[in-house]
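The first chain written gets the first letter, and so on, giving A, B, C and D; residue counts start at 1 in each chain.
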Amino acid sequence: MTRVAGTAEEALGDVPDGATVMIGGFGPAGQPVELVEALLASGAGDLVVVSNNAGNGDDALARLVRDGRVRRIVCSFPRQVDSWHFDAAFRAGRIELELVPQGNLAERIRAAGAGIGAFFTPTGYGTPLAEGKETRVLDGVPMVLETPIRADVALVKAHRADTVGNLVYRRTARNFGPVMATAAGRTVAQVRDVVPAGALDPEAVVTPGIYVEAVVALDSTTAVAGATA
Amino acid sequence: MTAHDPLTGPLTSPLTREQLAARVAADIAPGSYVNLGIGLPTLVGDHLPPGSGVTLHTENGMLGMGPAPAPEDVDPELVNAGKVPVTELPGASYFHQADSFAMMRGGHIDVCVLGAFQVSAGGDLANWSTGAPDAIPAVGGAMDLAVGARRTVVMMTLLAKDGAPKLVEECTLPLTGVGCVSRVYADRAVIDVGPGRDAHGRAVVVERFGVGHAELEDLLGLTLGGEG
Amino acid sequence: MTAHDPLTGPLTSPLTREQLAARVAADIAPGSYVNLGIGLPTLVGDHLPPGSGVTLHTENGMLGMGPAPAPEDVDPELVNAGKVPVTELPGASYFHQADSFAMMRGGHIDVCVLGAFQVSAGGDLANWSTGAPDAIPAVGGAMDLAVGARRTVVMMTLLAKDGAPKLVEECTLPLTGVGCVSRVYADRAVIDVGPGRDAHGRAVVVERFGVGHAELEDLLGLTLGGEG
Amino acid sequence: MTRVAGTAEEALGDVPDGATVMIGGFGPAGQPVELVEALLASGAGDLVVVSNNAGNGDDALARLVRDGRVRRIVCSFPRQVDSWHFDAAFRAGRIELELVPQGNLAERIRAAGAGIGAFFTPTGYGTPLAEGKETRVLDGVPMVLETPIRADVALVKAHRADTVGNLVYRRTARNFGPVMATAAGRTVAQVRDVVPAGALDPEAVVTPGIYVEAVVALDSTTAVAGATA
């Protein structure tokens, strides 16, 4: 049963030190900014973060990294023009990096949510990112065995929720939200608004409410030019 | 061998970036589903003829991607894989990361055009890491794109800025994918590699731009097929 | 040990099907996501108290399934896993088969209630095949449901029509899943199996309906925990 | 590029003898009845059919089975109260059956569409349906290795298409359509109507047009009480 929280802090709830936290978004698009701010404010440390990127500029994820609160990041593309906090932490050896091809990241997260114990994929075969991994030729194609990635908490940004936690997203901000929501012990979603159950088209729900522990409506969630319902 | 028609006849000098983009675009069949890698390959989109029915995929979760928006229409929630604002064409659709990469990895994209640091005659690709010891590693979707599409081609300059050949016998940089590239479109030549190389294991020159076959072999330090 | 309150005090006879359904329903926590197997378990839906916030999943692709429709509202495209017409409650959602089974197999459904031919003290389940040599085999989602939910319970009569016990030391029929059942709700008793069996490997009686502990052991030909 | 066909026959196109054909539907819901009729009329034989069920009553799939046109069926639930044609063919040894748990069927079809070479799942472990299959304990859970199921042609029923092949479905008739559409060399969809590109909400498209080779609008496709757009 989904909680409808009043603030980002209340939605976030307790995240213990050492937790694994998934953070949605592809760069800024779909990043749950206020929830990550709340995570920063909570003081939780020794975190493992699973996220496509490692923070932009001085955003909340970048500050988590800067402040040494992230022990390890599982990520496809930490290097960005403005990823200076990650770059510094990495060069100083203050953060561990597991670099994962983006499609493997998505599929491994899905596997965790779908009860798949491991899967073979061609992606990464013969590259440094597959070193030490089990391989097998299947149907003539050399493949690598990849394992699920799960988290204690997933923080995602969606466009709109209903009161039972169903989520719809907006444009390419959808990205990692729907798969991360399935792969965490607890998923928290920030949205632009929360509507009554029955107000979302059941055919168009992207994340069913079963995956969502808490939602919080934040005015700033979809602060974009020309944003429509 | 002559340059492609849209480039207005035989060339006596290497292709410009835009000419190269047009050359790549000319080989994309009408109705194809195409993914254009970040950087140089993005230019190909501008050279797809209107009405060709080519649909662009962006691996961050969209089919039916359109060109850059007018400044007033920029939507930070509508970006391509390079995190650059784009637009939505009629018939577009959105999907999440696992579905988007399933589309790529499942062999549904007809053509993927990627940039490269190095490509080998066998079609190996190195395009994600310079191997520099102090570099911050980042891979993004490169490895998925390299092996996922029906046909993966590379668009690049033939030589690096320091003059080193980028088409090589064996890649020395960390690999992105093994035997995945079938053709290289470069400023001085179009060259088949990987499955399209000849029985001697040589990359095969398909077309040259302002450079002779022997000169090309000298530039690259390789023996190439497709003489004449 | 006494029967559950909704059943109005201690019972001197086995539960009826409806009483059994009510007994199962009484153990389902408010707000749970629940899958009810076809056959007997379907009855449980009628005994979930209004306002309990229990959401029903049907593995053919829906969350938020409601009760049977009025005859004039039957929609052949809105059916449950037994292919019986159902309705849509506010807050419902639809998804395809892989997503629906991912929801089940990924451990997101709190409780799955299944029928059974046999359940073993270790929690093994046999509910898809009678093992008859001329039977047409069919499995449907049984094996996915058995191992996918956080908690899988069985609702059945304690004895088959021929009087044979259905709670057994070891299943003799083809298995649906290994060690997957945690509790059996039967007409004569509620019995913990699998992870809930005791240190001696015995199924543990939680509640009896009109039958003594020793009599239950005699009926089943098993030594049971939870005496008294 | 998606063809918009005028008839079921034209949509179906050529299906050679020996082809593997996926047929959507969970019982009658979502079954592409007219496309299967067209397959029956085409005369194609020696088929391998992948479908959740094996035909109801005298429907087209049941008649394909009756007429000996199906060499092998890959299926989770062939036995139904009215599956008399399958029952007779099976008992007479005239059809091979690969019985697959429904979730494995869906996931194996998805794997084919997603480029997954094989995956480990707990479903079926220790049962007759996993006999002879590779097993492995992952994270303490015994699992079975399952392989992709692909087809030459997939026949699905959706509610509505646009002219570039995007599909939306209706209620629980969605079932196998979206995964089958991804796993075949060629997917043909029958729909109630075909609307112009741009008329479907891009956020609500379930099957992107890339997966659909042909669509055909058939009035009968959604012949249900209270059917709405």
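Just so it is clear, a residue touches a chain if its C-beta (ideal position, glycine included) is under 8 Å from a C-beta of that chain, and two chains touch if they have at least 3 such contacts.
Please read all numbers here as calculations on a predicted model, not as lab measurements.
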So, what's the distance in Å between the C-alpha centres of subunit D and subunit C?
-> 29
Can you check how far apart subunit A and subunit D are, centre to centre, with Cα atoms defining each centre and the answer in Å?
-> 33
What whole-number Å value describes the gap between the mean CA coordinates of subunit A and subunit C?
-> 35
Indicate the residues of subunit C shared as contacts by at least two other chains.
-> 88, 94-95, 98, 101-102, 105, 148
Provide the list of subunit D residues touching at least two other chains, using ranges where the numbers run on.
-> 107, 110, 114-116, 121-122, 169-171, 203, 206
What topology does the chain touch graph have (line, ring, star, complete, other)?
-> other
All touching chain pairs, where touch follows the definition stated at the start | A-B, A-C, A-D, B-D, C-D
Interface with subunit C, subunit A side, in the complex: residues 1, 110, 112-116, 162-164, 166, 182, 196-198, 202-203, 205, 208-211
Which residues of subunit C touch subunit A in the complex?
-> 30-31, 33, 53, 55, 57, 63-64, 88, 90-95, 98, 101-103, 105-109, 148
In the complex, subunit D residues that touch subunit A = 107, 111, 114-122, 136, 138-139, 141, 143, 147, 168-171, 201, 203-204, 206
Note: in the complex, subunit D contacts subunit C through residues 26-30, 52, 76-80, 83, 86-87, 90-91, 97, 99-107, 109-110, 121-129, 142, 169-179, 206, 222, 224-227
Quick one: which bits of subunit B touch subunit A in the complex? Just the residue numbers, please.
-> 58-62, 72-80, 83, 88, 94-98, 100-102, 104-105, 124, 129, 134-144, 147-148, 174-178
